[in-house]
């Protein structure tokens, strides 16, 4: 296949298939988890599990005192790479065009220079967390191949996107193909790796909040 | 029937539910739970990272309840959980976890890690990998009625002393009483003042209450070792006594896990809702306070603080009550930096104090509390859990710290203002 | 009168002055997209250049390429070139018809065997033995094979000849293929575009005329001098792209201010052609300058590369139906798996062996 | 790419300033005794305002010449001496080529050897004098 044929494939069937795999996988994963079921709680509730569950879903996104005593590295690098990635994904004009083609919805974009900053910060923070994964004994002990695989899958769209926008290394068409493929691989990988936390985080937080909320504690 | 790794795995399969699946699906291996665990912060040993303590359970979930995991297991890419592995994990699941639940509060993706440790212990018991100290305590609880081997005659003896000291009658086996008070063996043996304290307060507030001679023990070693079957048996005894005496309320005493066992796990263990209400002594005292039935006089002048028992506060939901009660008698109440639902455990909960093997690690973990107390600079520490109280006293003594540990109910009883017209007030 | 043998003689024959020759060389160099420093080299080469014979074959095409060529904006210079080239067969332009025309082709082939250039516009249908397009009873496929056999090089003019073009677009009912799929033993130059820029056609022919060989080519066989840079890289609206200023519709403020047309589907970033410099209609303008995005006509498969108004970053194909199917399939599979796992868990619960005090006396091993 | 003058209403310049810089270097080379430089403006992408900007920046010089061969050509020295603007037209008046030459005098303005020879022949013929031999040609 030539570059142009690859581009047509990744923009056409590739995007369709990866999005379908993502949706299928995510729906599968969520429902599979839900239908595993859990026992009804017979104890008299002190609080509403629903309300506390929803609150935890939201509040757990924010740092609160007592979350760490070791310093702020994890917090800062974690927020930076998440925000860097999400802002770059959601607020770059050309990405909005993609979402618009899927959903018909669009929203204001951030200037390309701002997006460059968010992408570079995102990459820098990802590099920092990778170094830390090796350097920190706790994270090193917890890590398996999937953590490193997911790191690569996350950083690639950011790196290839920057190369594409600034036309570094390869011609535009080739970089566009590589960039879209990196996104498609990420999309397919999300439901089947720890990256599924992009959705299941809300389920986990809800359960956490609901379990504590049942007892009247806002977790 | 015999304990075996197969039986352990079978048991774990029973206990992996939707929340567990969502937690393992979501974990990103960020390691932030390590910072929440006093066993990690005081040792810096990465193996004490809370989520790491669940590694075998995670693999089992993956192999049994996910598509790729089942495939990997079939292809031999994922190794089955072995007895040796569970044995190696015994220390992590029991010795280095007090089930305080602080990690569950800080996990950024919302994993309730302690919820899973509780389930992991079910499998460990069925596989035969529980610490011998906990096993012995549980055995005593089932066969004798108390983990410390306390039988009713011993309690009766203590009651006699208290009745002599206070001049009040301690009601035993009174049918139709409104409240049935439970006690922990530790209170009976180490802190009998508690019994006198509640007797004084209840008398003053004109509360009808009783102790059941056949079900006075509140503690539940089944919960600590992590066996629902054994825990249910112990709960059933309390429920039977409460039903026999037709009480409206069962009072959970100043004991952490007893509250979790009776209030939150109990109905689920026996498989039916209670015909009575379980109320924690602090909740009851706070209700009396609100109804002006707990008049106190005089205030403690020394600066003091409150140690939150994890199972009562963070895991139990009784957060503000002890603070409101303390305000009545403390002139200079100060909070530790992390308090309330973000408190640090004493280090002896979750069966750790019954596990002799963990004694040294428990004292190391106590350093967390030592630093907190030193930072605050107090010499008086009030708490509301007999197990916390013993652990704290041990830790303070080991570190040669001059800090007095008080029970909250006793502290209130000491400041009680005798009321002659108490009979006129309504019962709560 | 005998035909002049070299271009210099040819020009002299037309009473063009040396100064005119210099002008011609400067413009030819410019036409070939070579740097002005090459003018003396071009002049020396043109003085001795031999007159080549060109056979022009038109297959599955729309004559747009020939239209483009005949409307090229510099009639004097290109006339000189085409007068000098011996265009021995071009069935749209030649006077002869029928058997006489075919005889002219055969004669030119025989006379200039191994020397002549073949220009092709249109794609070649190969399905069903190539019956879908024939000339004088000969299939295009057969005519191409015959004609190319004695050729020095082949110039595929237009996107149909270069890449298959419109006939090749999905579902390609005639099995249309480009020249390069059929000709493997001769050099093939692809002058793509729908149509190609006239000056690019004449530039390539001029290059062969001047230097006697084909120019340097890119990965798609296109002359690098014209196709070496993307439309995007030469676009005067590029600064707007860099700043994120886009026209959202064809009549909004952005469009009036001349902002970047990326969101209106401009394919400039992935299209390689000389439009931004050579321009169209006597150098008047090119699509982007006229307010319309590039449609990418000089790239392979441009008809199948999504809508002209779909931004490059958007997908080509719709996802609605597939997404719906994926949700349903995922829901079905997830529910089935979840219930299966639920049953497995319940089964384990039914098989539960109650833990007793006796169990506590044992130790795991 | 230069875009410092851009606002929302002023279209950005594309290549005008880089060309001016190139001219500066070309003049330096010329003064140092180096070769002439030719810039082919048709091979450089222009925005809508680039040509106007360039013309304004260079201004008008002292020499204007017109050549009539293969259509018209204009040769004009700009306000910057040594920079010549050479435009070739076809017979219909359309622009065929547009060049900036940095030189003392553009080659195309000079009378060419062959043309002088041809002129001499023509002159001789009209005077019926013997023609010069062709060997003088280079």
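Letters A, B, C and D name the chains as they come in the text, with residue numbers starting at 1 for each one.
Here, contacts are C-beta pairs under 8 Å (C-beta built on N, C-alpha and C of every residue); 3 or more make two chains touch, one makes a residue touch a chain.
Being a predicted model, the structure only gives us computed values, none of them experimental.
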| item | value |
| --- | --- |
| If a chain touches chain A and chain B alike, it appears here | C |
| Far-end chain from chain D, centres as C-alpha averages | B |
| Chain pair with more C-beta contacts, A-C versus C-D | A-C |
| Inter-chain centre distance, chain C versus chain D - centres from mean C-alpha coordinates, in Å | 33 |
| Interchain centroid distance [CA atoms averaged], chain A/chain C, Å | 40 |
| Intercentroid distance (Cα basis), chain C paired with chain B, Å | 77 |
| Chain B and chain D, separation of their C-alpha mean positions in angstrom | 95 |
| Multi-chain contact sites of chain B, meaning residues that touch two or more partners | 16-17, 65, 67 |
| Touching two or more other chains - residues of chain D | none |
| Residue numbers of chain A (touch at least two other chains) | 28-29, 32-37 |
| Every chain pair meeting the contact rule | A-B, A-C, B-C, C-D |
| Chain C contact footprint on chain A (complex, rising order) | 2-5, 7-8, 11-13, 15-16, 19-37, 93-95, 97-98, 100-102, 109-112, 167, 171-173, 176 |
| Residue ranges of chain C touching chain B (in the complex, touch as defined) | 337, 341, 344-345, 348-349, 351-365 |
| Chain D contact footprint on chain C (complex, rising order) | 16-20, 22-24, 26-27, 29-30, 33, 35-37, 39, 73-77, 80, 234-240, 242-243, 245, 257-258, 276-278, 282-283, 289 |
| Chain A-touching residues of chain C, taken from the complex the two chains share | 219-220, 230, 232-233, 242-244, 246, 262-263, 269-270, 299-301, 304-306, 310-317, 319, 322-323, 325-327, 329-331, 333-335, 337-339, 341-342, 345 |
| Touch list for chain D against partner chain C, complex | 1, 3, 6, 8-9, 11-12, 14, 38-40, 42-48, 50, 67, 69-71, 73, 88, 90-92, 94-97, 99, 107-108, 111-115, 118 |
